[in-house]
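Labels for the chains are A, B, C and D, by order of writing; each one numbers its residues from 1.
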Amino acid sequence: MIQRLRRTVSDLHAELVRYDLVAWTAGNVSGRIPGEDLFVIKPSGVSYDELGPENMVLCDLDGNLVEGDHSPSSDTAAHAYVYRNMPEVGGVVHTHSTYASAWAARGEAIPCVLTAMADEFGGEIPVGPFALIGDDSIGQGIVETLKGHRSPAVLMRNHGVFSIGKDPRAAVKAAVMCEDVARTVHVARQLGEPLTIGQDDIDRLYDRYQNVYGQRSPR
Amino acid sequence: MIQRLRRTVSDLHAELVRYDLVAWTAGNVSGRIPGEDLFVIKPSGVSYDELGPENMVLCDLDGNLVEGDHSPSSDTAAHAYVYRNMPEVGGVVHTHSTYASAWAARGEAIPCVLTAMADEFGGEIPVGPFALIGDDSIGQGIVETLKGHRSPAVLMRNHGVFSIGKDPRAAVKAAVMCEDVARTVHVARQLGEPLTIGQDDIDRLYDRYQNVYGQRSPR
Amino acid sequence: MIQRLRRTVSDLHAELVRYDLVAWTAGNVSGRIPGEDLFVIKPSGVSYDELGPENMVLCDLDGNLVEGDHSPSSDTAAHAYVYRNMPEVGGVVHTHSTYASAWAARGEAIPCVLTAMADEFGGEIPVGPFALIGDDSIGQGIVETLKGHRSPAVLMRNHGVFSIGKDPRAAVKAAVMCEDVARTVHVARQLGEPLTIGQDDIDRLYDRYQNVYGQRSPR
Amino acid sequence: MIQRLRRTVSDLHAELVRYDLVAWTAGNVSGRIPGEDLFVIKPSGVSYDELGPENMVLCDLDGNLVEGDHSPSSDTAAHAYVYRNMPEVGGVVHTHSTYASAWAARGEAIPCVLTAMADEFGGEIPVGPFALIGDDSIGQGIVETLKGHRSPAVLMRNHGVFSIGKDPRAAVKAAVMCEDVARTVHVARQLGEPLTIGQDDIDRLYDRYQNVYGQRSPR
């Protein structure tokens, strides 16, 4: 199980590259070992070309290194805090993707003016506080913003995106969709105000997408 | 014939990826079986890397699954409605491509200020109504907007693009060109007003392109 | 010689794709056969993946097909007019590249506010007239604008770019650099006015680049 | 050692291509031979596809060719001036990357409104003077701007970016991150004013990133 998750987490970084969410080494994916107080995360400062299952790092929920030859990502404390405080979360992703980070730099939530955004985020994508790296500040900001919120992504002020999911793949999907809608709503607003979608329509879209979309059997 | 169309429709999804029209699994192509009340469409929620002729789904014109191991695309009802009501249509494409969706978010038609747009669309690219997924609303909005219109693409309000063609390849071309002109006209308008093209010039360009362009023999 | 030029012209289309200058089949390269009243050009409506030396088309300087199984590009008359009237030109390229076409849609020349633009274009990139396809109007507009101008590229109003060079590779380079500076100057102007470069500095940069840059021996 | 550096410098050009920092041949990397008054640099006007260890050029710190069959980059004098005057520098990169060059065209420094920018640049990315190619003007402008500044990158007015590092890889990283933050801050400012980050927070982020980030053992 750990070995499989090492490969899954390692491979998912290729999606961050494919969708242009990361430059150099600035972005990371982690995944919780189901049923254990452990998670797998990217090593710090290693380029995406050099990632493989063997250099992924295993940490406990306090962010301490349990197994691995490399130091874990410098964002490990934030991932660990999320896993400690949101037991339903099985995957966490962090990026500085361009359009989402631009909204974050202004401290502005992304308004829900696209049906795809209603589907995936169930409303706006919220802004979390400004927080320095080095202690639990970032993790606390993520959890306080996302607890009880439909959105699986938060724009951390002047920083970037953290996204969560039931597993690492779902968290990566949320990171990809977050940048996609951040870009489209940005472009829309450059030439005027987007039309609003009524809250009841947002609710209907969200409910349907969460319960009907995709293949019924687990994949 | 069905087998060949399965391959054609499967392969054409690669063009959506190549031209950056889709993120994750959000976009689909379908093609009508010539002479039969059937069409082939993408399975729901399956990633573009995993598509192949074998997992395409065969549906009837009410959108019911006829053959296939996967659920059809969640947009199947809209595709089916188009095939039922526009017998000349042999292919349908749906995307949330960035610039076209930005025009759709503002509910603004794209004005015809490029000769390439006159060639392919014969005038503006129109906006269709806001419609929820789940019944025939989206299909009706597409057909009401495109019937009798030169444009093979419609911007569905707060949603994205649907495009049509005599076959799936033509519908994909329309989706690609729609995003291309949506982007260029957006960029032009960011720094001022584009110059207009006279209606008679638009008519001459459209007529010539539809009748002269390309290779004379069928390919 | 003809065989080698077929390959060169065919291969150079890959640069249009690599630099994102073209969507679907909308863009073409041609090259003059040195010492003969003939040129090689892309076939009409054929996708870039399917191009090879064998399907390039050979035309005379009136744009008539001399050799080839395909119809020549629908822009052949414009290429032919340039070759007839600018004997120093050995290559012509046409694209609808996004940022250059946006300047063309507003009918605005691109001001020379980058040293790279002084190097390659020796000043602004000028705008040519609005002209319909089908006779010599486009060719005349290109030649009237570029004759006696330093710029190897012209923005045809509401249309796109034509670029020229001593050979097809130089014309492709001009098309690539035209889009590159069109984009950078556009982005600069989005947030204010770019600083100007004095005419004497532009002259010095242009002179040096045309006479010193690159490898001294012919390549 | 020289042979290894030839390969390193040659290979690093692929990162400029991968991150879309260069068009055609407009951008170059160099690396100092540790302990010697020599550096390796790209040949002038050679395309990135054709680069290899064998066609890299070896120069002395006055920019004279020491070994190589090709002329060195036309920017060699600027690289040489930096190596002569900043002994701590082991790598230099020059690009005309789009967003950074747009800030340079307006002569505006990029304000530090992203934590990633505080990490890598320790504050704003400064603007250097307008300078013509052909003597030491560009080199002087780079050194005067970067000496005593935290930023490893400078926006040369109306021109582009020069970045430095302890080795060529670090200089390439600075060039990549410079374009990344230039783009994000540009996008942020298109729709309002980014929020500021306090100087003490910038200092803390910079200090931590320079001293803690990455793997502790040399790689």
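Here is the rule we use: contacts are C-beta pairs under 8 Å (C-beta built on N, C-alpha and C of every residue); 3 or more make two chains touch, one makes a residue touch a chain.
Remember, predicted model here, so these are calculated numbers, not experimental data.
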What is the set of chains touching both chain A and chain B?
none
What chain lies farthest away from chain A once each centre is taken as the mean of the Cα atoms?
C
Counting shared numbers against all numbers at the contact of chain B and chain C, is it over half, same, or under half, different?
different
What is the distance, in whole Å, between the centres of chain B and chain C, each centre taken as the mean of its C-alpha atoms?
31
Could you state the distance in Å from the CA-based centre of chain A to that of chain C?
44
Chain D residues touching 2+ other chains are 190
In the complex formed with chain B, which residues of chain A make contact?
19, 113-116, 173, 176-177, 180, 183-185, 187-188, 190-195, 197, 201, 204-205, 208, 212-216
Which chain B residues qualify as touching chain A in the complex?
23-24, 26, 43-46, 70-71, 74, 96, 98-99, 101-103, 105-108, 130, 132-134, 157-160, 186, 189-190
